[in-house]
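Going in written order, the chains are labelled A, B and C, and every chain counts its residues from 1.
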Amino acid sequence: MNSDLIKKIVEGALMAAGKSLDITQIERLFTDDERPPRDQIKAALEEIDTDSRGRGFELKQTASGYRFQVHQELATWVNRLWEEKPKRYSRAMLETLSLIAYRQPLTRGDIEVVRGVAVSSEIIKTLQEREWIRVVGYRDVPGKPALFATTKQFLDYFNLKSLDDLPALGEIKDLTELDPALELTLAQGVASNDDGEETLVVGMPESIEIKPETVQVEPKDDSQTHE
Amino acid sequence: MSDQDSSIKTKTTESNQAINLAVSAVNAPLQEEMPFAVIQGKELTILPKDLYIPPDALEVILEAFEGPLDLLLYLIRRQNLDILDIDVAEITRQYLGYIELMTSIQLELAAEYLVMAAMLAEIKSRMLLPRQQAEEEDEEDPRAELIKRLQEYERFKQAAEDVDELPRMGRDIHQATSEAPDRDQQRPHPDVDIKELVTALADVLKRSEMFESHQVEMEKLSTRERMSQVMENLRDNQFVPFVALFTLEEGRLGVVVTFLAVMELIKESLVEIVQSESFGPIHVKAKTS
Amino acid sequence: MNSDLIKKIVEGALMAAGKSLDITQIERLFTDDERPPRDQIKAALEEIDTDSRGRGFELKQTASGYRFQVHQELATWVNRLWEEKPKRYSRAMLETLSLIAYRQPLTRGDIEVVRGVAVSSEIIKTLQEREWIRVVGYRDVPGKPALFATTKQFLDYFNLKSLDDLPALGEIKDLTELDPALELTLAQGVASNDDGEETLVVGMPESIEIKPETVQVEPKDDSQTHE
């Protein structure tokens, strides 16, 4: 089979599928006797990628394979096709999802320890229904809590090829950097002087003006805050 | 950060101003010329009656925070402080200010907020304790645990915002599809291996043998067993018509077995047999000793 | 707005919509102040059409507007995406076929005597449609039942020169001994769990896949395992 036909078949299948196809699925488009070697399929995919440059769509490789997708920069216009605005997710849901994504596998209790609040069952249920997370096992402690991990669908949805592509987590500062000067400020206190600048003032902590932003509240804001 | 979030933030900030004003209103008698002044160690318990707080403002505050850690982070960041620089005494004061305000208007407060208040108070008291120079080496900073948790929470708070920013299916990117070519719906034939054929034949032959031998066993009726069954039928000490002992559905073999059983019972003197007239109905009765 | 961006927007919207869009719908992608004249949109559509030549899909104008469509000539391959995995033949079917193969010519009644149950007309019909069996005559008894025999196509399919090449019944035992995998699959069945991992599932003989290569079936291609 010539490479041009292979390319067309792969391209046509990806367009018709309307979802990601992995190499194995692409290979299965061909019968045993006509199936090109994997290298040739990969070469076809590369060529398709090149051909699609500068167009309204691109070939993208995500967790579960290759798919055609419409360019991100066109979203403003494309979204006008639909009346409904794209859904927003609550902070609670995003924080829970992020913890599972970065710390998997982990239990609901693990999430609660970091977030400092109970994780609602509703959130876990929604994430499972969206097939973004799944139970991958149970921790061997009393109660056998379920261990959650993210799925390929999660990666696909967020345009990621693997978990490595997640944005880097913020660094944690070493506690040895704890400012020893604070010991001083504890014995003293921070206050504002008349110029609005912070200075160290000796005194008991309780008796001290500390909130710098209260200084910034201007009387004209009252109309907004009080009515 | 999403628009929704920022709108909540805006409200929050307004509400905070309301709280700050509440704070200053309480302190107004002390320092009239400087409205945003000092709290002299007094806990805030009563809302000034003349202070207007937008309805639901505090609920909005509470909803805007993802728990005590989030509220603490907010208080710290509001002062442009690094987490490592937190002044526990001041943060505790502000935190308690919020808690007091919320409880004073009977807002239902998650237990976690109160737990955090207790923790802050404990850290504060430990910080205030005068320490021996020698002890300082090995004693851990009382804030360490709190700072660790705050840092950890902040990382994931940030991660959640980053994840929210990722190009997302249906919002930033869209699956591209083209109409598929016409489908021909003919279903392909299943593959059959010749081994399957041979195995199937072996199965069917084996089963038919089993079927035959099974039938033969069915026909083997025990005379002894039938004798017991007849005795069972005669249990009530009544005369039973001889013909009623037979079950025609059992066929010839069944009838023969029953007949043999009755003969055997007579021979063993277990039953008596009565015929009141020639060619009249025969009756059978269990013998009473 | 430059014509290149217009083209990309139109192309992206058509791809995202996955259905026909008419000119009015395309115009609505643009806000009032950015909307290009209709001529320019039509020019963009023409250009998209030209760009798609020689690819796996084409721009088609239908009654309800414009849409992208995968080339009809690729149907053979692309349709394999949805190809249903052929259902396996039932045990009744295989037994009937084997009896006809080994005991031909014989009537439906003959088969029923050996199998102990009625042979469904559906089975006979399927085997005839596949051209593996045919009627070779009628037995001279009341009702004149048809006599079935296997065909040349049957021999071809099983790669046999003549019926003499059918494995002897005595070889059956050896056959299963030769292929331990066969016995394994007979005692068990291969199934996929939700996690996409393969597990062995014990099942009744009727529910069994006999071909050892089914073990290699990957669970991710939902499209091909509609069973």
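Please note the rule applied: a residue touches a chain if its C-beta (ideal position, glycine included) is under 8 Å from a C-beta of that chain, and two chains touch if they have at least 3 such contacts.
Predicted model, so just to flag it, every value in this text is computed and none were measured.
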Task: Furthest chain, CA centroid comparison against chain A - done: C
- [ ] Would you indicate which pair of chains has the most C-beta pairs in contact?
- [x] A-B
Task: Centroid spacing, where centroids are CA-atom means, of chain A and chain B in whole angstrom - done: 26
Task: Whole-Å separation of chain centres (CA-atom averages), chain A against chain C - done: 38
Task: Junction residues of chain B - those touching two or more other chains - done: 174-181
Open item on the list: Give me the residue numbers in chain A that touch at least two other chains, ranges are fine.
Closed with: 12, 15-18, 57, 68, 70-71, 78
Task: Interface residues, chain B side, partner chain A - complex - done: 2, 4-5, 14-15, 17-18, 20-21, 23-24, 36-41, 52, 54, 66-70, 78-80, 82-85, 87-90, 93-94, 110, 112, 116, 127-128, 141, 143-144, 147-149, 151-181
TODO: Show which residues of chain B lie in contact with chain C when the two form their complex.
DONE: 174-184, 187-205, 207-208, 211
Open item on the list: Which stretch or stretches of chain C touch chain A in the complex?
Closed with: 4, 7-18, 21, 25, 28-30, 51, 54-57, 68, 70-71, 74, 77-78, 80-81, 194-195, 218, 220-221, 223-224
Task: For the chain C and chain B complex, residues of the former touching the latter - done: 12, 15-16, 18-19, 57, 60, 67-72, 74-75, 78-79, 81-84, 86-89, 91, 94-95, 97-99, 101-102, 114-116, 130, 157-160, 166-167, 169, 171-172, 175-176, 179, 182, 210-211
